């Protein structure tokens, strides 16, 4: 029996990609498309079991209060959640009969897995570095994803009692060894034509392990959203981060 | 307090690399080097807690019976274990006070992690292919590691109820789409100068995930052996496969 | 002084990308956009010095006869040129005052350079293999570009008196070693999410050289078209293949 | 008819690898192995047509004066040549009947081709960056080869009248965008297990071109030395840099 799915922000660029993704999946049934100006009652009336919210920080809290209160699960890619907002959502989601909530900053499953695997691999390798590649119109360097990846590696190394990485560099040009994030070098390449790519390179005696993620276009969040939709019934309360749904 | 380590086959090429690796590790103490002609009593006399055996199929069973019987743990890279031999070792290792045994066909930790991560990632991606790269003097194509990797991916896909991968190929040259191992295409590249390298490529909408392993020289088994030595006290009985020691 | 450019097929998907590319270039001036139903006189009236034709096999010969006859240079990405058509165009382009013509099957400059560099490198390496990566809805495997690349490598090897590549494979699964194109193994990977990618791997003692081309979206022909527009005045008559414009 | 080859410094690590390489080549005949203490007359007596010199800065000038004066060609990998030394060698090599001389700082043919192709490709791409990978015991970062590669790209861009690369970075961590060599970002990764690897990444609309060089072990200079031995008869006088022998 297909899961009944409603989509909030269905007419935005992101929303339309999710509409397409849900429609194409045999095990999901698209029952409601809601956009600005539409009543949220449409979600209840259509029998939606899960709602996907990629809307605006200004709208998402009202959406969540309504859906969770009506026992509808919420997969949320909207940004702007601080501690206070997360506490509020957790409170709503903890009530009897409340809908479950997944809030994730990144639904690109290849990127989420890269971070998860990197954290798992870190303790087995003497060295680890991150290289990320983006188009040259990107404003920040390194990317947020690369910084998070490095932080996860650093935490895993610390947890395993590992010290500083070996680096005999004596003679260097400024910047050659990258930015250092919690002890992990991170390099940002800006290449015309590229979209969003990340590579984590681990080294040990006689070998290396490379985990690489490539996003080729902006629809790369869709598979991760569908994982969220399919699994949210098993995860009560508020969960932050898609990695918690991946059984890894 | 350092773990006391004895090495069987200490004068072979592999054994010497392990001697070096153990000697260089602060938390391990090399207490015995045993080679053909030496008495196994040396291991007991030296107080070895863990023994590493990279010897010959003709010697390894006697070594294991002796060590396990004396409560010494055994990390084993020697080949030639069939079901019958494994049953025998499991029986020895199940006795009260017996040494623990780890037998692994592959101690290259980057290769073991590649297989483990590939099996974990498989269910999240529509497509998966394996490309392996070796020197042109290799006799088999694809490599055993690549075949195992493909089999692990196939099992994970089957377990998640995934069907065949999409492939619209109509017009093809024979061999272009690789060998098919349990439904997973595997390609073998033979390149002068390369050593042993494997790449697993997963694809989903708008993105790909690539896990790559490079072995640059034949000492790449050392870090995995040291993981075995450090963790064997926690794993009673017989364990086959280093992946079971990696907490992933 | 900017080169005056007219575009045939300006309203098609490809045409619009070229319109954008020409408009964005400081050294080019877009003077005419012509599509089905428009008179070709517009090109003459606007003073176009170079015309770009990405139209249809059914239209391109008339377009070329007109333009070349009026002394307008033609950069042509339209398909469907056989020997007979090429002879005809060459004849038109050989007349006094005729426009120059560049016909190229591939304007993705990264792909054209990959083929050119591969042909140059081939004689210095014992082994060479091609791996191409495309989305799984592609009908042919390997791609035409990969086949051409392999043929170029084979010609270069033959020209240098090189024999067969070393390959000790004795035990194999059918297809593992790829399709063989003039002695060069070619592997085709089909990955959801990827677009069009090609890798050429050369091996020699202790080293490898890899030349890789990635097309991330369908506008990747634009930079090559602009190279054609800028250089066509220097190349009289008919030239087939963008590589002849690259001074390499 | 095989070319007769003598080797200076034949007993050193490098010399032995060259002895092996020459011995294995059908078109070359090893006629003399000379090391410290041996008379150079051995080279003349053996009829050597080409000599390979991988010795010491303190010995190489005497070796060259002798060989060139006796009409023996010299392929030289010894370091320590400044302008003054090069002038002297050029003078010797310009005499009637003198031996030809090739002096090259880098004989790894994959590295030399990477630099040559990078310089050729540079003018066709909006962006170019260099990433090099070495073991963590390397003292300098970036590597000399990476710096030369970046300088060659910068010269090619300047020659084509190209300006600065686009880079919208506003918010950055120090070092993230690499070291800047003549306007080209260069990143140095230090990974245990790796040997010497370099990647040049070019970007243009919708595409990228990557040229990568991997050295897996220290014998990677051999194929380049053999190219030098085979071609030196065609190149009179003094030539600096193997790239000048490659017909590219």
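As written, the chain order gives the labels A, B, C and D, with residue 1 at the start of each chain.
As a working rule, a residue touches a chain if its C-beta (ideal position, glycine included) is under 8 Å from a C-beta of that chain, and two chains touch if they have at least 3 such contacts.
Nothing here was measured: the structure is a model prediction, and the numbers come from that model.
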{"item": "Mutual neighbours - chains that touch subunit C and subunit D alike", "value": "A, B"}
{"item": "Identity of the chain that, by mean CA position, is farthest from subunit C", "value": "B"}
{"item": "Pair joined by more contacting C-beta pairs (A-D or B-D)", "value": "A-D"}
{"item": "Interface residue identity across copies subunit B, subunit C - same or different by half", "value": "same"}
{"item": "Interchain centroid distance [CA atoms averaged], subunit A/subunit B, Å", "value": "32"}
{"item": "Chain centre separation (subunit A, subunit D; CA means) in Å", "value": "46"}
{"item": "Inter-chain centre distance, subunit B versus subunit D - centres from mean C-alpha coordinates, in Å", "value": "38"}
{"item": "Touching two or more other chains - residue numbers and ranges from subunit B", "value": "125, 193-194, 202, 204-208, 214, 216-217, 220"}
{"item": "Complex contact set, residues of subunit C against subunit B", "value": "125-127, 129, 131, 133, 136-142, 147, 165-181, 185-194, 201-208"}
{"item": "Residues of subunit B defined as touching subunit D within the complex", "value": "193-195, 214, 216-217, 220"}
{"item": "Sites on subunit A touched by subunit B in the complex", "value": "21, 108-111, 113-114, 117, 120-121, 124-125, 202, 204-220, 222-223, 227, 246-248"}
